[in-house]
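The following pair of complexes shares a single chain, subunit A, combined with subunit B in the former and subunit C in the latter.
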Partner chain A sequence: MNATVAATRRGVPLVLAALVLGLGMFGLVTGTQQIPLGEALAATIGLGDGGTSFIVQQLRLPRVGVAVLAGACLGASGALMQGLLRNPLASPDIVGITGGASLAAVLAIGAGLPPLALPLAAALGAASAAGVLQVLSRHTGSSSVRLVLVGVGLHALTTAAVTLVVARIDPRRLGAAEVWLAGSLHARNATHLTVVLVGAAAALPLAYGLVRSLAVLELGDEVATGVGVPVRRTRTLLLGSSALLAGVAVAVAGPLGFVALGAPHIARRLVGPTSPTTLTTAALTGALLVLAADALGQRLLEDAAVPAGVVTAALGAPYLLWLLHRTGR
Partner chain B sequence: MTALDTSRRWWVPPALLGALAVVACLSLAVGSVPLPLGEVVQAVLGARDTEAHLIVRDLRFPRTVAGLVAGACLAVAGALLQGATRNPLASPTLLGITAGAGFAVVVTVALLDVLATYAVVAAFTGGALAAALAIGLASTGRDGLSPIRLALSGALVSLLLSAWTRGILALNEADADEVRHWLAGSLAGRDAAAVVPLLPLFGVGLLAAVLLARPLDTLALGDAAAVGLGQRPGRVRVLASITAVALAAVAVSLAGPIAFLGLIVPHLARFLVGGRHRDVLLASALLGPVVLLVADILGRVIARPTEIQAGVLTAMIGAPFLIRTAVRARVAG
Partner chain C sequence: MTTLQTHHTAPLQVRAAGVRAGYGAETILDGIDLTVPAGVVSAIVGPNGCGKSTLLKTIARVMRPTEGRVLLDETSVHHQPTRQVAKHLGLLPQSNAVPEQLTVRALVERGRYPHRGVFSPWSEADRDAVAEALDVTGTAGLADRHVDELSGGQRQRAWIAMVLAQQTPVLLLDEPTTYLDLAHRLEILRLLRRLNRERGVTVVMVLHDLNEACRYADHVIAMRDGAVHASGRPRDVVTPELVRDVFGVACLTVADPVSGTPIVVPCDD
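And now, the complex of A and B:
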């Protein structure tokens, strides 16, 4: 890699961060009521008249903040998972972690638990799914095949269970369950923001702590053992932190499809194989994807808001086709 | 398995046929309205205009036929796909075919509001495109079409398509209830008008499967051997896949995306009758309806007065089976 390329690659996260910042400010400014940027920024720290402060602090800032942090967590989670499984098609949604979170959340909605319990239930569900994965695939050795297959089965099982719960849910709560399952950023409040802030603050440093070991692990188990990386423990930690990151995101935003798959792909394309820079780029790409999907979803139809999860998933299929086309040549 | 072993299993198809007859009778007799067995028998034999007659003739009989057809379709489709790809995990569910067909049906029914009769065309198109996408994605890697890549890419395609389906439902609340029920894979509410138009396609699909049995046996020897024996493996694979997608489309338009039936039944069939495709296909065609009807009957009974969709129960059985296979087997990656 020559010096110019290296410099360009170091610049990528900066550009992405600027884009996230710009799109975030756009989210603060626009909506049913336009607020000038200066006033909006002043309102975030409590300066400004009551109405503006309410809109910015209670409605838009939590929404934008949750979008950025949930997207970042998903991007980082996918990067860890794809590295761990040495497979660019893997992601926490496919191996059942998101499914576990969805099941727990739908159960919480069905049981009529207060809204605050929902993120906790989802995080717990993600953790349980990761635990099941870890236990069932513990004798895998160097191959991650078993983990993937167990995960695909786990995903199917949780999906069926979600269907079962949704089919028998109290009709008055059905709407809430549907919207949550589609992955929405609608009506996020300060509690959601706090949950995702705490979760991201705990999980992202863990991911950065593991990323160097992950880069070594990708060279093969023998190499990793040779340079003193404890393979088994690192794998467990990687699975755990990937699940934690996904769980935090799903807890506050529902299962936002495709972000955890696509963001690391794009990141590798931009800055190359696993490194702290790739992790940062994946996280920023995830944040950008979710922000853009939410902004798009709010404006796509005149009479209804499209949940952000529907937009991200809708982006997924053409991306896969494009991927197919590129590698097919 | 040697010829001697298989010849000892001559009793399996008749036994399965017997089981199928028993289960079909149960499916006529069991439901949310409890009917004495005598009345059911009378209703079948032609006592007119009793309540039992109406229930059995208009509700349970079409439902049972739908279960027979859908179960056979999915099981045979799974057996064909496993033979064509020589991949023990290939099945309509894991290749994304059921999700693609389901998505296409939701789009045509919810958005375009066309007749449900044409749903099978949409289901075929959607299923074929989804399978093509999944197989295409799985073949992109350096190591080619491995079981693991196929499972992952199929899961990925299913995941994205079900997210699209969910999005459409979230935006069309008016149609959502009925469609949601169907999407869970249910035999409830099938009437004769839904079943009869699909029977010719069902017949053609089964016939094609029978004709493909020998070529698939040859294919099982490996591509090189198959070419040596004068076969064109690519053509057999394409024909088997098309037949499988058509059969799965029939099943999905009848019963919704029933999960995992096409994965487990061929495995059970091979366990019972050995590896020859003629036997596996026959046993699958008999065993598939048995499993689906049992799931359907259980779904009617365990949560009275409401019903649990058969597809939920097949997934509850099938997913642990997949996990068990993954934990036990040595799958080449």
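And now, the complex of A and C:
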């Protein structure tokens, strides 16, 4: 690529990071009570009066932090999955990983487990789905078609099971299940933030460690073997990392639609095919999407907050359609 | 295109010892014993389904032999780290995929994979290798173009540049000239011969056209039914008897007026 394009592309993650930071601070400052930026930032580290500290530390910071990290995990997860399946429309939602997490979560809600058990259940569900995918598609030769087909089947199965569980759930718990399934950032607390922080800290470096292998794997299994990628092991690691990232995000924020599909898509438009820069851009785009969706959802209706997952799905899908229409593909 | 400087890489010998391989229960290679001479251009020829590509894939460790071993200087390629093998053995397979918006330069840069650590930055050596690979294949002017927008001949040169960026003393190519017209086939074959002559790269390629194999390879490996039927210099190996035995075609051979190598001329019944 020529120098100008290269420089522009290096700038993209910086611009996105600035936007995430700006929107994140907006989230700390605004709400039912406006807090001046200086006071809000001081309150994040416990300075300032008790009331302000409580609002920022207990309510707004976890919500903003969870939005940023869950969005980043979803963006990175989608980037790995789309590369692994060599399909720009693939995502952890489509191959049943999010479905597995949702099923485990509604089961946990239905069983009346404490809220703390929910992230754990969702993460376990995502991991189980990835395990099923891996086992059922392990004889895959040189194509990813089998993995996609198994995934689509798994998605259908888990969606049906979620519907069944919700239909038979204790009516007193129905509300909680439906809010969770919509993908909401309402009432995130320090525990959620810790879960997603630890998860992201474990999974994101793994994703960066795999991204060069992924860039070669996209050229075909035989090409990848030729340049020295251990193909089978790398595929397993990619599937596992993508599931881990998606599981972490879904565990703390519910199944936020479109983000894992759209963020890598937007990232490739901005900075080109798979590279560490593309992964960073996909993660930042995911963070920005979730932050923006949550901010919008809180202000969209006068009398009620709209869950972020509803906003991402409602805004994301038309965006993708418009993009597909515009590029004539 | 610039003149190549000679890279003094010690010639590596590729050897197959009792190799059996196939898909599932179906055996395609039935006990291959073969030594590919180092530092020359070899062509694997034979009828469809004789196991040419399977042999190349097994040598390149894309497939594992069910029996026997493929040896690279007496070390099994299937029993050492694949990244290590990739520093010695380059492969241009028949099947590949090109992501949207991938530039020629980005493709060629991916050939540096075995020489880079997981997090190591782009080095001087990486940059030089990519520049040289682009230069040698005449794709430097295409470096910023998208691979999926190139013509067949340009695209094949870009792929060869990727394999060259890997800087291996041995190159394996599976039908590198398929789907190309005459001019572009010659371009690729001449490029490969030049790589061999000027930097001593060992070239092993599967070719469909017997006349092209005779003209551009120093060593011909003729296969039939999953076994090596004959191998050696084209003028010693490619005879009317061999063509009859291997392809089931009655023919004469005449000397190429330019190179003196055999040309196969089919007889009418």
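Here is the rule we go by: the second predicted complex is superposed on the first by the 327 of 329 C-alpha atoms of A that agree within 3 Å, B and C clash if a C-alpha of one lies under 4 Å from a C-alpha of the other, contacts with A are read in each partner's own complex, and residues count from 1 in each chain.
Just so it is clear, a contact is a pair of C-beta atoms (placed from the backbone, for glycine too) under 8 Å apart; a residue touches a chain by one contact, two chains touch by 3 or more.
Every value quoted in this text rests on a predicted model; they were computed, and no experiment measured them.
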| item | value |
| --- | --- |
| Fit-or-clash call for subunit B and subunit C when the two complexes are aligned on subunit A | fit |
| First, second, both or neither for A:324, with subunit B first and subunit C second | first |
| Contacts of A:222 with subunit B and subunit C, given as first, second, both or neither | second |
| Partner chain in contact with A:307 - subunit B first, subunit C second, else both or neither | first |
| Partner chain in contact with A:270 - subunit B first, subunit C second, else both or neither | neither |
| Residues of subunit A touched, compared between subunit B and subunit C (which is higher) | B |
| Partner chain in contact with A:212 - subunit B first, subunit C second, else both or neither | second |
| Spatial angle subunit C-subunit A-subunit B, Cα centroids [nearest 10 degrees] | 90 |
| Touching partner for A:258 - first (subunit B), second (subunit C), both, neither | first |
| Subunit B versus subunit C as contact partner of A:230, first or second or both or neither | second |
| Closest Cα approach, subunit C to subunit B, once both complexes are overlaid on chain A (Å) | 10 |
| Overlap of subunit C and subunit B interfaces on subunit A (superposed complexes) | none |
| Subunit A - residues contacting subunit C, complex | 1-2, 5, 86, 88, 142, 208-209, 212-213, 215-216, 218-223, 225-230, 268, 272-275 |
| Residue numbers on subunit A that touch subunit B, as the complex places them | 87, 89-91, 93-94, 136-137, 143-146, 148-150, 152-157, 159-161, 163-164, 166-168, 175, 178-179, 181-183, 255, 257-258, 261, 301, 304, 306-307, 309-310, 313-314, 316-317, 320-321, 323-324, 327-328 |
| Touching residues on subunit C, where the partner in the complex is subunit A | 57, 60-62, 81-87, 89-103, 105-107, 110-111, 113-114, 116, 118-119, 144, 163, 166, 172 |
| Subunit A-facing residues of subunit B, complex | 89, 93-94, 133, 136-137, 140, 148-149, 151-153, 155-157, 159-164, 166-167, 169-171, 173, 176, 180-181, 183-184, 259-260, 303, 306, 308-309, 311-312, 315-316, 318-323, 325-327, 331-333 |
